[in-house]
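Listed next: structures, encoded as structure tokens.
The same subunit A turns up in both complexes below, where it pairs with subunit B and then with subunit C.
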Partner chain A sequence: MYEQILGGLVAGGVYAALAVCVVVMYQMLGVLSFAQSALGALGACSMLWFQSFGMNPWLSVLLGLVVGAAIGVVAGWIMARYFLEASVEVRSAATVGFLVASVAIGNRILNGSTYSFPDPFGGRTVTIGGQGIPIATLVEVTLAFVLAVGISVGLKKTFLGAQLRAMSERATTAQLLGVRVGLLTVLVWSAGCVVSTMALVFVLPTSTTSFPPLAYLIVPATAAALLGLLQNIYMAALGGVLIGIAESLVLASRFGRYTDAIPFLIVVAVMMYWRRKDVWSEAR
Partner chain B sequence: MHAVLSPGDRRRRVSRRVSAIAAVAAASLLIAACSSSSSPSGSSSGSATADIKIGQIDSISGGYPFGDAVAGAQSYVAMVNAAGGIHGHKIVFESGDDKGQASEAATLARKFVEQDGDVALIGDSSLPECPTNQGYYTQNKVPIVGTGAQPQCFAQPFFQPVNAGPYIGHEVMWDYTFSQLKPASVCQLEQNDPTSIKYYDQLRAEFVASHPGAKFTEVTYVNDASKDPTPAVTQAKQAGCDLIMLSTVAPNLVAFVKAAKQVGLDATFMCLGSCYDASVPKTLGALGEPGALGPKDQGVFVAAELAPINDPSPDVQAMVAQFKKTNTPADFWSEIGWLSMAEVVNALTANKGGGDITTSAGVVAALQKMDPYTNGLAATPLIFGTAQSHAPNLGSKMLLIKNGDWTTAPGQGSNGFTIVKAPTPPN
Partner chain C sequence: MSGLRRGSIPSLLTLMGVMLVLVAVVYPAPKYWQYVATVGLIQAAIGLSIGVVYGSAGMLSLCQVSLAAVGSWTVGYLSGQSGIIPAPWSIPFGALLAVPIGLLVGLPAMRLRGVNLAIVTLGFAVAIYSVGEAGEVPGSSPTFFVSLPAWLSGKGMWFLFVWASFLGLAAAVIVLRRSRWGLTWLAIARSERAAASMGVSVFRTKLTAFGVSAFIAGWAGGMLVATIGSPDPGTFSPLECLSFFVLAVMMGAGYWEGALALGFFNAVSSALLRQWNLPPEIGSLLFAVGSVQVLSAGHGGFSGDVRRLINRRRRRDEHVVTLRSRDASAPAIARTDGPPPAIDIGSGLQFRDLTVKYGAVTALDSVTISVPERSIVGLVGPNGAGKSTLVDAASGFIPSYTGNIMVDGRSLDGMPVHHRARLLRRTFQSDRTVGELNPGDYLRLSAVKAVTIAEIGEILDFVGCPATRTRLDQLDVRTRRLLMIGSCLVGQPKVALIDEPAAGLSADESEDLGLRLLDIPERFGAAVLVIEHDMELVRLVCPTVAVLDFGKLIAFGPTAAVLDDPQVQAAYLGDELVVPA
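What follows is the complex of A and B.
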């Protein structure tokens, strides 16, 4: 069983990093970004181009993160320009447009052929109890929690954090008080895309190079974010790891063919818990 | 000041107006009818310069990028048109992406046939097309030559697959595994596709019953395209699998082999022809060579439903040369597009049906009366014919990565293909 648990960390690390991203963007910008993993995948795809010039893997990865940041700037500008005053539902729906566009572009880049993404860790593994686990996975899981801590501390202890919290509470009031809401929106989107690009960088050297599966990593990541009720970054990160492990354990069981249902079951369970105090006929 | 009209005058004026409108409407209808009957796409008179309009439906953005089938077909069309077309008729080719959705496949079929006047669909590579459009194609006698991606593609009177299909592909993998490789333990990682699981189970049971010594240690169903392969290879390692069979596409095969290396799984990998891509050996590098994963690793095999691009046969090399000219990627899907178009062009050139090949009826007649078409890409000759179902390609070529490229695996027939009997229909 421990082999399955270790095996689940590969996907779990990606879900954790993406889930942290989802929670931060929801809390700061009031948007549930369905395009987060797709935008990150686009940034990660740029590494192939840099690699084709013979650059070393670390440099390709760094430049890929820069491209991810640039993609975030574009997305953030669009959201700040056209959706700043919109409701959470409208802003979240708008990200579906980003998702569709990203998948269309990504399918043209990763066109069914096979690619070798730069691997900064050279495919190296550590063996625990006879089971190999990639160093990249261990770094990614650690990074997801470090990110959660760093963001929490940053939001509470820094001036930028105070501005971001003000923006998330009352954007219009903050703007009137001199907070540059538009600029901060672009900044958060850009940082979010850097994180999601980084999340995929660790897994792409060994994962499938078909674009849609990379884009739809947002589904389990969102389920993980819901485990933190879209508020608790630490729970979101932990939730991501647990979902990865759960998928691995279920695959090994006789319910293996229903592995894909796990995020859906989590969403249903969380929704039922969240609305547990609602009266059945209250809406009527 | 306007004169006041009597009721009678008013009635006569209205009557004249109505007559004028009716005359204009009748004239318009007459002109439209004459135009459509003289347009090349729907002409029954078949003027000498009429085009042959052909369409293609593919699942491109639905998670299975079959888009290179378009490029392969387009490359062949470019070659034919450059040589003057078929008996002077140029081919006009169009394609559409059904995104893996049944509704889109239905819409595209009707658009191509009814709106655009396409006389045939060639090189189609779509997951929902056969189940969705089976009734429409049969009722309207729409001829299709393309990829058999679902069981229904092998069970229609007007759809002829050029590939062996996943069922013959499975039979070939099983046959080669148990007769040539003989690993101690065989596992199958099957696609979690409810439309085909039952039939695969039936075929596997029949194979095991008729081949003493054939035994599967484990069969797992997984949507590998959407999940990280590490849990699946971890489970295969725990089950003690020495050979793992996959039904997936090339990027996932590479991911599985890399994941196997990471978890320490020592096994042979084998996959259906959909895993064939010229880039796989280079992407895997040393990991693709026999023994890379350990002593039990006999290599990375693919049951290629069509000959690989480095096959020395003249038909394959002619295709490769044309692909280079048109910058077409060389993979399973572009080969499908090429071969489908080649077979149909061959049939239309011979035109044993004697009809107008710029019309659907003429194309159907030509295909139904065609002689078997031999091409080095396929294991057996291809033929459309008049049968109620078609599965003319009865073999696959087992390929093995060796010295950084695909090679023909040893122990196969004289033409390098492994040919099997047509599988029994689903229960």
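What follows is the complex of A and C.
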């Protein structure tokens, strides 16, 4: 069981990092980005392309992050330009469009052929309690929590954080205060896509060569984000790790074929309990 | 009254016309294009299903294609694996079996909304996909072959079957949209609170939307497996769920023509891309871009454009909606100041020792007010005094209050909101009318039981609104406010709570409104509690007035005396402003 728990950390770390992204973007921009993993996966896939020129793995990772940032700029620009006044639902529905578009592009890039993507850490492991854990996993889980701490401290202590919080309350009012809402929207999207690209890099070596499963990582990630009630980034990160572990435990059991149903079951059970008093759609 | 009599007939005739053109074009076409059209019509049916749950009821469900999977497994099992029931007779069973699964998915929607529901339904889509891929569910394995009987294997016969199915499903959706079920779907999409205060059970409404959409999706899934020949898990992948959602948004699948366009564009574009040897991804890319464009423009997609075009042409012949002022020749009911109010009354509305606490804040502190039957009582007080809390408590939105609320001697305590609506109706400060409906349909929705055209006409006459086919979101705020009052009255309540009806009205409009309010007790037999800041209106309409300040009842009695009371003036204007007479 110990083995499975550690195994679950690999996926859990990715879910956690994506979940932190989802929650921060939801809080800052009022959008639930269903496209977050797909956009990140596009950035990560661009590394494969750079790689095919025989580029140094670290350099290709760096360039991939730049591509991730650029993708975020495009997505953020669309949101800032066309969806500034839209409701959360409409914005989020638009990200479903981003997702479908990303999968279409990603499918063309991968095109069913097998790529080998070298692990930047060369598959090195550290041994904890007699178990070898890939360094990549440790980096991933640490990344998620460092991100969570960094973001919450940054929002409280910095001027940029104050501007972002003002924007999250009400974009139009913040604009009247001189906050450059469009620019900040692009910035947050771009940062979100860089983090998602980073998160996806870690799963790429072990995942299949088909693009849609990478896009589906958003399901456990949003489930984890819901466990943090789309507010608490620590709970979201923890939720991601826990969902990863739960999946790993189920995978090893005789219900292993139904592992993909786990995020759904967990989130339904928890949300129905937490939201049991939300009888009405709107306040007054 | 022409605006009231118009039913679903024009839509049904248009549907029939479009479908006849379709069959005339496709039936003589080569087999390949018949196949493309067949698949397109099945996809259009899935579009209808998304149209019901998202387009009408406003619930962000991303798993409608997964419900089609349930239908396909059923047909796969009944007609392929076990062969108990041959296709196409197994298809209705597939549709019926999808219903309980749809209801199950609908249950989380009772507490989760918007993006939260989207996450859960997407999770369900992934779960269903993984279950289907495992191939252990009866009928889900692609090794079983579903064959069609001889009479459906002839040229174009299966296309005709699918064509007739879509025609039937689309016609049913058209009729349902105009039925009470359909009206309630639109109502909960607009506001759950407002719908419940009109007597609509939000629980039942959400379940009917999920149930109907699951039935349609299940039927589509069954037809798909019979078309392809064997169940294929890839057809029902989460990506398909998302692609269909995107397409439904782009085409505006809430209306049948949007759903049909969805199927048409999806099937034809993928067929053309195949013919031209272009990657199929181009299609999804175009649809993704299209959906983002539609969402940003917010005009309801393809079907929204079509309807606007038709409406623009029609509106030229239609009168601009102008409210009629109250008939000046009708005698205004003279209002005299009432006697001191009785505390214990057997009829009308009574609050006794009503206390509401939000955490440490006491919003209402032991308030006792009575509104005798067929009378009008005003409720005034500065912002934050607890007026709206009182209305919320009466209409049932505050589960934990102490004290009693009675209507005609019947206790409302513990009664669900939509049951209270039989005795008591309310309006809201903000506009909560259902924008997609015309005034007649809006009133039909508000009446819990069936109403005659004459009854609706009477209410429209009372509020001075012509029987127009114009949608409410095209009407001005004043008309919508008056229609909200009309929607209270059409429910024939014992008590109507009218919350700030004059907000934003000019002095003349406010006076006109006041004269209409004065008519309510006699004309509709209801007691009225008017919450208002406009003191002119209060003086005009209310013989008796109650004043709340910081949750306490500070005065209750004849209007002139109460409004002249220094304590009341202090509460409104602040102490330092009160000049002793």
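The rule is short, and it goes like this: the second predicted complex is superposed on the first by the 268 of 284 C-alpha atoms of A that agree within 3 Å, B and C clash if a C-alpha of one lies under 4 Å from a C-alpha of the other, contacts with A are read in each partner's own complex, and residues count from 1 in each chain.
As a working rule, a residue touches a chain if its C-beta (ideal position, glycine included) is under 8 Å from a C-beta of that chain, and two chains touch if they have at least 3 such contacts.
Keep in mind that what you see is a predicted model, and the values were worked out from it rather than measured.
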Subunit B and subunit C placed together on subunit A: clash or fit? clash
Looking at A:Leu177, would you say it contacts subunit B, subunit C, both, or neither? Reply first, second, both or neither. neither
Quiz item: Which of the two partners, first being subunit B and second being subunit C, lies in contact with A:Val146: first, second, both, or neither?
Solution: neither
Is A:Val126 contacted by the first partner subunit B, the second partner subunit C, both or neither?
neither
Q. Which holds for A:Pro134: it touches subunit B only (first), subunit C only (second), both, or neither?
A. first
Which partner does A:Leu160 contact after superposing on A: first (subunit B), second (subunit C), both, neither?
neither
Answer with first, second, both or neither: which of subunit B and subunit C does A:Gly8 touch in the superposed model? first
With the two complexes superposed on chain A, say which partner A:Met271 touches: subunit B (first), subunit C (second), both, or neither. second
Determine, under the contact definition given at the top, whether A:Ala223 touches first (subunit B), second (subunit C), both, or neither.
-> second
- So, does A:Asp260 touch the first partner subunit B, the second partner subunit C, both, or neither? both
Clash list for subunit C against subunit B, restricted to 145-153, 163-171 or 487-495, contains only 145-153
The intersection of the subunit A residues contacting subunit B with those contacting subunit C is 103-104, 107, 212, 216, 257, 259-260
The subunit C residues in contact with subunit A across the complex are 60, 62, 108, 111-116, 118-120, 122-124, 126-127, 129-131, 133-134, 136, 188, 191-193, 196, 237-239, 242-243, 245-246, 249, 279, 281-282, 284-285, 287-289, 291-292, 295-296, 298, 388, 392, 397
Interface with subunit C, subunit A side, in the complex: residues 26, 32, 34, 78, 82-83, 86, 88-90, 92-94, 96-101, 103-105, 107-108, 212, 215-216, 218-219, 222-223, 225-226, 230, 257-261, 263-265, 267-268, 271-272, 275-276, 278-282, 284
In their shared complex, subunit A is touched by residues of subunit B numbered 60-63, 65-68, 192, 220-235, 237-238, 249-255, 258-259, 261-264, 277, 279-280, 283, 285, 329, 331, 333
In the complex, the residues of subunit A that touch subunit B are 3-4, 6-8, 10-11, 14, 103-104, 107, 110-116, 123, 125, 127, 130-134, 203, 205-210, 212-213, 216, 244, 247-248, 251-252, 256-257, 259-260
